[in-house]
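Structure incoming, see below.
Which chain is which? They are A, B, C and D, in the order written, and residues in each are numbered from 1.
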């Protein structure tokens, strides 16, 4: 961490948390999105509504869940609905302001692949698949994406269209009948990206502290566009860092669970 | 009541109750069907499942509800589901063994009208309409109908097809794609009727005690078919009568409600 | 985001003449107080949507405020016919009304589809039923897998949904319990909503899977104790069955109806509802 | 009509080789004990259906019992990939399996449609998504009212649904609470069902609108305390997160996987589940 008192991962989570507001209704994916949404809730957006696809609405976990459906999410939720209802009334019903997605592969138009590396029928790597993502991408009012930058992940051409971002760019979403905005924000460990208003190509609008344009290009498989007025992401505040680290510590303790060895123990 | 110790109405309710068994799952209409289903539950079929379209499943009211959704139905139910779920999972899902309907008009093929007398667009009498009946008639495994006989109700031609019985008879149901049996039993204040296995025309199979063929024909607007082996419906037993009368008395007391006059009193 | 408003202000700011308004409550929790406020404010040319029109639509129709009624069962439950609705349909008094008539299954599915953001509901229904012939909003689709022809009806998307619920918390989260009907669907299907409640509490004390409307799905919440009378509120007060029985006589006669409405609705205020449920309370 | 059976007898009498079986439970209440019994009995050529295949399908697939998998997310939740499923898909070890892949929304809708007795589910989905091109069971219908093209998938109608629930009463009525997932839909959609429960009680003490499966909708009920482990049972025991994390290493290696399965599943009995949740109990 040398001169800076935070990791790129922490910067990513905190930058993502800042993009969320009190009135947002977020459909939260597991991992980085979950951390960002809960940091927002524990800092500047205490009234944000967090929804996990397991059916928990208005949840406020003390520690981060390992899965999308830990008991903690239900215990602290306003209410918990069935999974069909979640996808029909709450996601398809247009009630989600921000759908928060991660990705294995991402292209310059924010199309996402989490299905396969290689050919679908004879994959090099079979990934978990889309889960809720195909409809989160089309039914949420906006989509935020958060993932670490790497040549493996930021590719010129994704192997499978798990969920549609801006397609081939421009008005491609509208042309195929999608009425929502799609990806409007990408937060990585290095930068903040937004789609160009016209072409919809992802464009770096803010570099995290200490990150150079070369660092960006070195981790991306296409020629990166930078905004004319490139900003620097404000470093995490002491308060933001404390909230995030306390949350991670509570999470660590919570997931440690039981210590006794028993029959059928896998470890 | 002269020589007999019960009314035709009591005979109707008790005869209907006898047609129900412990394993039946009944979709119960208000009025005579509700009384019959609860008498069955309180006599020979204690484990019968009664479902009201308001969403109450496995209900066991102390007194008969006035409406399809009195609080008593929910208080005594195994569970209460939403109305969309009731019609989707429970009725359309094929889980109802007996749908119990009444009618304003009925024809010889057990088609039912509860919508209008006269022309639909300029009705002589606007009746309440179908409510759940159109789909109760097509989705229940079987339909039982209970109503009092009268020339006004038992007509040669119904004014409106609120719900489809056997259409024009024969295999008309199958021809229009309905897979359930449809009306298999009609219980009136005078007799028990069943559709002819071939033509599906309603046929009197059992006369209630003291009722003659002429009594039947005098209350029906078409030439009535009688079964070759016409039976006599066993008179209500003392136990059946006691259960029904106690139920009606509990119902009378329950519906009496509050006695105080208040502002906004309608009476 | 739910605002806490006086009923008068909620109705005047949320419902306008010409709106389509779903007043829902399946026997339980019927929003009578809101309907009476609509009558007092004379909001007219309404398209009213309700599975079981019941007394409140007898009153709204009888007062001439209704242009069109979308419904599936227009009866006084357990009592008989709705005499004011009949008079409008049969004799155009006090005005003619347009009817769009469905089955319960279709209405319930159409609300569900509205809540789910779909343009249509698909069901196995209306087979051999006459409503298909008189309601052009009953169409069909063919299942591309089985070839089966299924009924299709347009989703319901009212301008306003009006419901009565048990209680809300201070953030505006709303609890419905017991016979929940189609109220959640109606609110989620509508552009705006008014929810009257028996009380505001610190904590809903709701079961994890209870029927709760989050505060950000509701437009306005108004406390109206007894606001469902003569319908009932589970755990608060019972159904006033005698009132339903007696209504039949009030509604039977145009003059009696009008003077009753004048005295008990037009000249009354929202507070009367709490008095009307006195003696009907149940133990919670 | 629910029968109370020993798990062994329920599995042998209800699930046969070649059946389509939905094991459901969305993170919560995953029916591990039943899956292990299926493995012990070597019931094979299964079409398994599950939104989130999870460890139990890693185990069933790794043991070669699965012919086809219908699913929407094949991951170890919060941990990573399912290594046995990967090995089957990428290397056909121990056999090749057929995949029918959907989105969560489509699977949830397809169960819903199955429970509702419909042949298809209609949704706004798969827009611009690649699964449309690789799954012939994703088609479309056109709304006859709006003209909108909507996605259509066939209803799921499994031969058998397998779930773990919290408790049953002595009549066989079953209570599910907390994250209820798609279990009710799966049971109602299926021809037959096996429900394991934590306990049998005199009274479910359920909330009026709780998720309850009436006894006549369930084929067999088996008491298996801890039967969801390493998943959890709300109010009984917590999720064994470490087990999920550790599974990643077991599944990474074919030999280790096989010896683990031999020791902990094939040579084990149903009783081990109650031991496995010791120390994970939560206060009810």
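Simple rule for what comes next: a contact is a pair of C-beta atoms (placed from the backbone, for glycine too) under 8 Å apart; a residue touches a chain by one contact, two chains touch by 3 or more.
Source: prediction; values computed, not measured.
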{"item": "Shared interface partners, meaning chains that touch subunit A and subunit D", "value": "C"}
{"item": "Minimal step count in the chain contact network, subunit C to subunit D", "value": "1"}
{"item": "Averaged-CA centre spacing for the pair subunit C and subunit A, given as whole angstrom", "value": "41"}
{"item": "Interchain centroid distance [CA atoms averaged], subunit A/subunit B, Å", "value": "57"}
{"item": "Interchain centroid distance [CA atoms averaged], subunit B/subunit C, Å", "value": "27"}
{"item": "Touching two or more other chains - residues of subunit B", "value": "74, 80-81, 88, 92, 139"}
{"item": "Shared interface positions of subunit D, touching two or more other chains", "value": "112, 117-118, 123-124, 148, 178, 180, 185, 208-211, 234"}
{"item": "Category of the chain touch graph - line, ring, star, complete, other", "value": "other"}
{"item": "Chains grouped in pairs wherever the two touch, ordered by label", "value": "A-C, A-D, B-C, B-D, C-D"}
{"item": "Partner subunit C, residues of subunit D touching it in the complex", "value": "117-120, 122-124, 137, 139-146, 148, 150, 152, 154, 177-178, 180, 207-211, 234"}
{"item": "Contact set on subunit D toward subunit B in their complex", "value": "1, 112, 115-118, 173, 185, 188, 206, 208-212, 214, 216-217"}
{"item": "Residues of subunit C that touch subunit B when the two form their complex", "value": "26-28, 51-52, 71-75, 77-79, 81-82, 85-86, 89-90, 101, 103-105, 108-109, 111-112, 123-131, 134, 148-149, 178-182, 184-185, 211, 229, 232, 234, 238-247, 249-250, 260, 264, 268, 272, 275-276, 278-280, 282"}
{"item": "Touching residues on subunit B, where the partner in the complex is subunit D", "value": "23, 25, 49, 57-58, 74-75, 77-81, 88-89, 92-95, 139"}
{"item": "Contact set on subunit A toward subunit D in their complex", "value": "30-31, 53-56, 65-71, 73-74, 80-84, 86-88, 91-92, 115, 120-121, 123-135, 137-139, 160-164, 167, 172-173, 176-178, 255-260, 262-267"}
